[in-house]
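Okay, so chain A shows up in both of these, paired with chain B first and chain C after.
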Partner chain A sequence: MLLFDILLPGLVLGGMYALIALGLTLQYGVARIMNLSYGESLVAAAFGTLSLYSGLKLSPLLALVLAIPAAALLNWLLYRLLLQRLIRRSKDRGAQEVDSILVTFGVLFVIQGVMLVAFGGQYYSYSYLSIPVTVLGSTLAVNRLVALAFAALIGTAVYLALTRTRLGTAVRAVAVDPNAAQLVGIDVGQLAGLAFAFGGGLVAAGGVLVSMFLTFNASMGVVFTMKALVVVIMGGVGNVMGALVAGLLLGVVETAVARLVDPGLTLAATFALFLAVLLIRPTGLFGKAAS
Partner chain B sequence: MTSTNRRQLLRIAGAAAIAAGFGATAAQAETDKIRIGYAISKTGPYAGGAGITTLPNYQLWVKDVNAAGGIKLGDKKLPVEIVEYDDRSSSEEAVKAIERLANQDKVDFILSPWGTGLNLAVGPTLNKLGYPHLAVTSVTDKAPELAKRWANATFWLGTSAQISNGLAELLGKLKSEGKIGGTVAMVSVADQFGIELAAAGREAFKKAGLTVAYDKTYPMGSQDLQPLLKDAIAANADAFIAFSYPPDTIGLTEQAQLLKYNPKVFYVGVGTAFPLFKGKFAANSDGVMGIGGWNADSPPLKDYLARHKAATGQEPDRWASSITYASLQVLQQAIEKVGKVDRAAVAKEIREGSFDTIIGKVKLKDGLLQEVWSVGQWQNGEFYALAPASLPGARAAVVPKPEWK
Partner chain C sequence: MLEISGLSHAYGKHQALADVTLNVAPREIIAILGANGAGKSTLLKAIAGLIRPRAGAVIRFDGSDIAQLLPHQIVERGIALVPEGRGVFGDLTVAENLQLGAYPARARDGEDARLAHVLALFPRLTERMGQAVRTMSGGEQQMVAIGRALMSRPQLLMLDEPSLGLSPLLSREVFRALKTIRGDGVGILMVEQNARASLDIADRVYLIEQGRNAGDGAASEMKSNADIQRAYLGQSREPATSKSK
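Moving on, here comes the complex of A and B:
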């Protein structure tokens, strides 16, 4: 049936978009770091998985278990050693954003440079869980389904954690107003660092899962940064549920346009949708009105 | 703001490179070496192609030439010295780097960047500066016209029409033999490469008596090509043709396996000839057709494959790699025949002379290499050339393609 044949592959594609955007929405929305090296971190995780898989025959799903804490730790160190100083120094949010963009732009080149030295510029690709399953008459790949499931699971879990727990409430308080949060006894630096680190862990998860079905090379990071940025801004900066919904929406729209109109117009459809959301709700689908 | 920052970084990198260049220029006065420069995409979207096809061959060639003592000028042999820049996959940077190589580094010869776009971008500059331009990795229908306009330029991969004609000729022959029916499903990437090949393909398929039942383009960088494949399957054609780029080539092949799509002919674009393709799909690569191919049984190419692996740690691609290496052999032999660093004379010699290379005797016609493989097929782990059938070493096609395992 054509409806399912559009909806299911669309959701699977959208799940991948959501997956690569989840980390950024935490890093940008809560920790307030516009991380330009985001895509490079994702590709680095993909390379890490590839090395573990081809070198040690370690399953990418096991790599996932290793990658998330490792990346979270690295990101926490990055935040503590590099970014926190900037945040203390900057007078307002604007200055902080400019500073963080400049620093992470540098980090981008460092990560990319290391990957180029280690792996060169060639394309890499391997096969894992590339098994067809038929759902409601539509054939899907297991590896892409895993990415969708993970995005939905993490998205919902993080959403619940943010809205239902004390820690989550504190994190949201930091996202809304760091100065006022300090007044009620929240350790802003600590929490922002935590959000940044956790966001970093999610980026790594995205990289590991995406590497199972996409062909990548050391220069591809920017593609992921751009897509993640579109999803994050569409969903509302800092809103995890927004990123999930926006990602899925993009996937379904792209697939519908490819099947019903013309595959050549998928990119145009993405940006038309993005533009429409920005015109109607400038703060994103789930964004609050600007304070 | 980001772009200024990038530029600043580049300026610093450039300054460092120029400083390094000056040291070498001073030594050049006694012409004890031949200085060759190039700008290549080490970063950016073209790095993937350049890192497989072009850069390893530049490195291998320099290693081979210097191991043999260098390039023979008159009665002495001069080693080759390299000046390298990263063009960051940008036409603007590529042109700037070429000007820097010519005006500041004052190199003796300049090798070409990777890809049709960058070669066309640096063409006018190399022409103005009078350097021979070996535009190996460029496929364009404008090649004959450009070769006429730029006396210094030569083109080595044929034209889009040549590639599509080769494919149409092969499919037409298969149809007349009754091995396939007369319908074709075609998808192509929406940039110059895909558009030119698809346009030439439409005409060539029609001439060969084939009907194009499905014909769509997709934007570059699409991350899911399943919708295209599903509609192509619905078109029920005997031959599936994709004029695609490497990530899409891999993606289409993987998705076709998932969907159990087994057309009698499965042809995908750039990347099919890459060692990565064989590495990823292993036995499933068997029977897949794609752009390029080579005469894998030829001893010089076997020897080249072994040397390439030893020197760079990776296998060459089976399309433009060996031609890139051959073009450098031609450059060397042309310099040796002229006997001095006379760029106009060398450019003329490249066009008019005949040379012994790993791909056999090379004699360009009107600045174009004529003997170019357009279709190859993976057969038992090697990407053999199938078409044009008139070239020596062409193999017979295995049709229908074995089903995906």
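Moving on, here comes the complex of A and C:
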């Protein structure tokens, strides 16, 4: 059935977008770092999974368990060694954003360069659980369902952690007002570092899951950075529920356009949806009203 | 409890605070009076650690120097600031704001009892616990801000313009709450444009002019001081001439 042919793959894709947007929300909304190398981390995680799978015959699900803490650690080091110094010297939020864009732009080329040296420019994919199953009358591979299940699991866990725990509430408080957060005894620098690291862990998880069913190459990271940014802004910067809903919406709309109109128009559809949302609600779907 | 001496701070070339001295004893309500731009807010920010005082300043709290501590460490020592403009988390609910108030380690024990206490102080927050704070009135937001500060179990509560933008009725409610809070054993240091109301509840008053100490004394004496009346209470020195205006 056509509806499910669009809806199911759309939700799989949207689940990936939601997951990586959640990570960017933590990095941009909480730690206030506009990380341009975000998509490169995702592709690096995809290549890591490929290497473990084809080289050591390790399951991508095991790679998932390894990738999250490894990426979190690397991102934490990046924050502590490089970005935190920038934050200390920048006078205001605008200066901080420009500085962080310049630095992470450099990080982007470093990661991409290493991947190009190691893997070249060609496309890669591997076959993992590519067994067709029929769900609700539409056929898709088991690997997509596994990816969706893990994205849903991780997304739900992060959402609950952010909304139901004191630490999660503190993280959201830093996103809302870092100055006031200091006044309730929150060590803002430390918590921002934690959020940045955890955001890096989430994008690595997204990379592992995406690699299970998409072909990828060393220079496609920018597409994921852009889509994550579109989803975050569409959902309302710093809003967790907004990132989840906007991610799913984008996945379904892209799949519908690819299926019903032309696959070449998915990027156009992305930006049409983006512009439509911003015209109607300039602060995003779940953003606070402009005051 | 709080002893400050030699406190100076400059914003660029503008000397905001110059060699300020101030003391707060336990359970004391201190009001700071002064014109706009006299450095009152800067003084509270310096105590809270939001700005660095110039070297040589001494800010002792319970016997230890806190002048070089970071804001979150100062909250942990037992000083809470309700900043000007309240500083509440508008996108979060009342319950979440109050829960965050108890974020410091010192505040974790007895959190539930303190929450009940705050809700007894501001009963109208009870029915609003699930509401986003930015959708509430200014007075209710001020209650959230004071309640959140109390959740950190402070020994000293600092307030910057707590009645700014509030109706007279709500201002009275806030001042009444401050008296109750002092009754619970918390010292209060406040900056307030409503000099009359703050003189009514304060024990002692400090005058700050152009960033310097310009006098201090018991609130009851200050109220009858002619200069104070003229400068802060809006009374003319010779009431008879006021008709001509």
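Note that the second predicted complex is superposed on the first by the 278 of 291 C-alpha atoms of A that agree within 3 Å, B and C clash if a C-alpha of one lies under 4 Å from a C-alpha of the other, contacts with A are read in each partner's own complex, and residues count from 1 in each chain.
Definition applied: contacts are C-beta pairs under 8 Å (C-beta built on N, C-alpha and C of every residue); 3 or more make two chains touch, one makes a residue touch a chain.
Worth saying up front: this structure is predicted, and the values here are computed from it rather than measured.
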Touched partner set for A:Ser127, first chain B, second chain C, both or neither: first
Partner chain(s) touched by A:Leu267 [first = chain B, second = chain C, both, neither]: first
Residue contacts on chain A - larger count, chain B or chain C: B
Which superposed partner A:Ala173 touches (first chain B, second chain C, both, neither): second
First (chain B), second (chain C), both or neither touched by A:Asn217: first
Touching partner for A:Asp187 - first (chain B), second (chain C), both, neither: second
First, second, both or neither for A:Ala258, with chain B first and chain C second: first
Overlap of chain C and chain B interfaces on chain A (superposed complexes): none
Touching residues (chain side chain A, partner chain B) in the complex: 5-6, 9, 12-13, 16, 36, 98, 101-102, 105, 109, 112, 116, 120-127, 130-132, 139-141, 213-220, 223, 251, 254-255, 258-259, 262-264, 266-267
Contacting residues of chain C [partner chain A, same complex]: 48-50, 70-72, 75-76, 80-81, 83, 87-92, 96, 99-101, 103-104, 107, 134, 148-149, 152
For the chain A and chain C complex, residues of the former touching the latter: 166, 169-170, 172-173, 176-177, 179-188, 288, 291
Chain B - residues contacting chain A, complex: 1-2, 5, 9, 41-45, 47-48, 50-52, 55, 89, 187, 190, 216-219, 221-224, 226-228, 230-231, 246-247, 250-251, 254-255, 257-260, 271, 274, 276, 280-281, 314
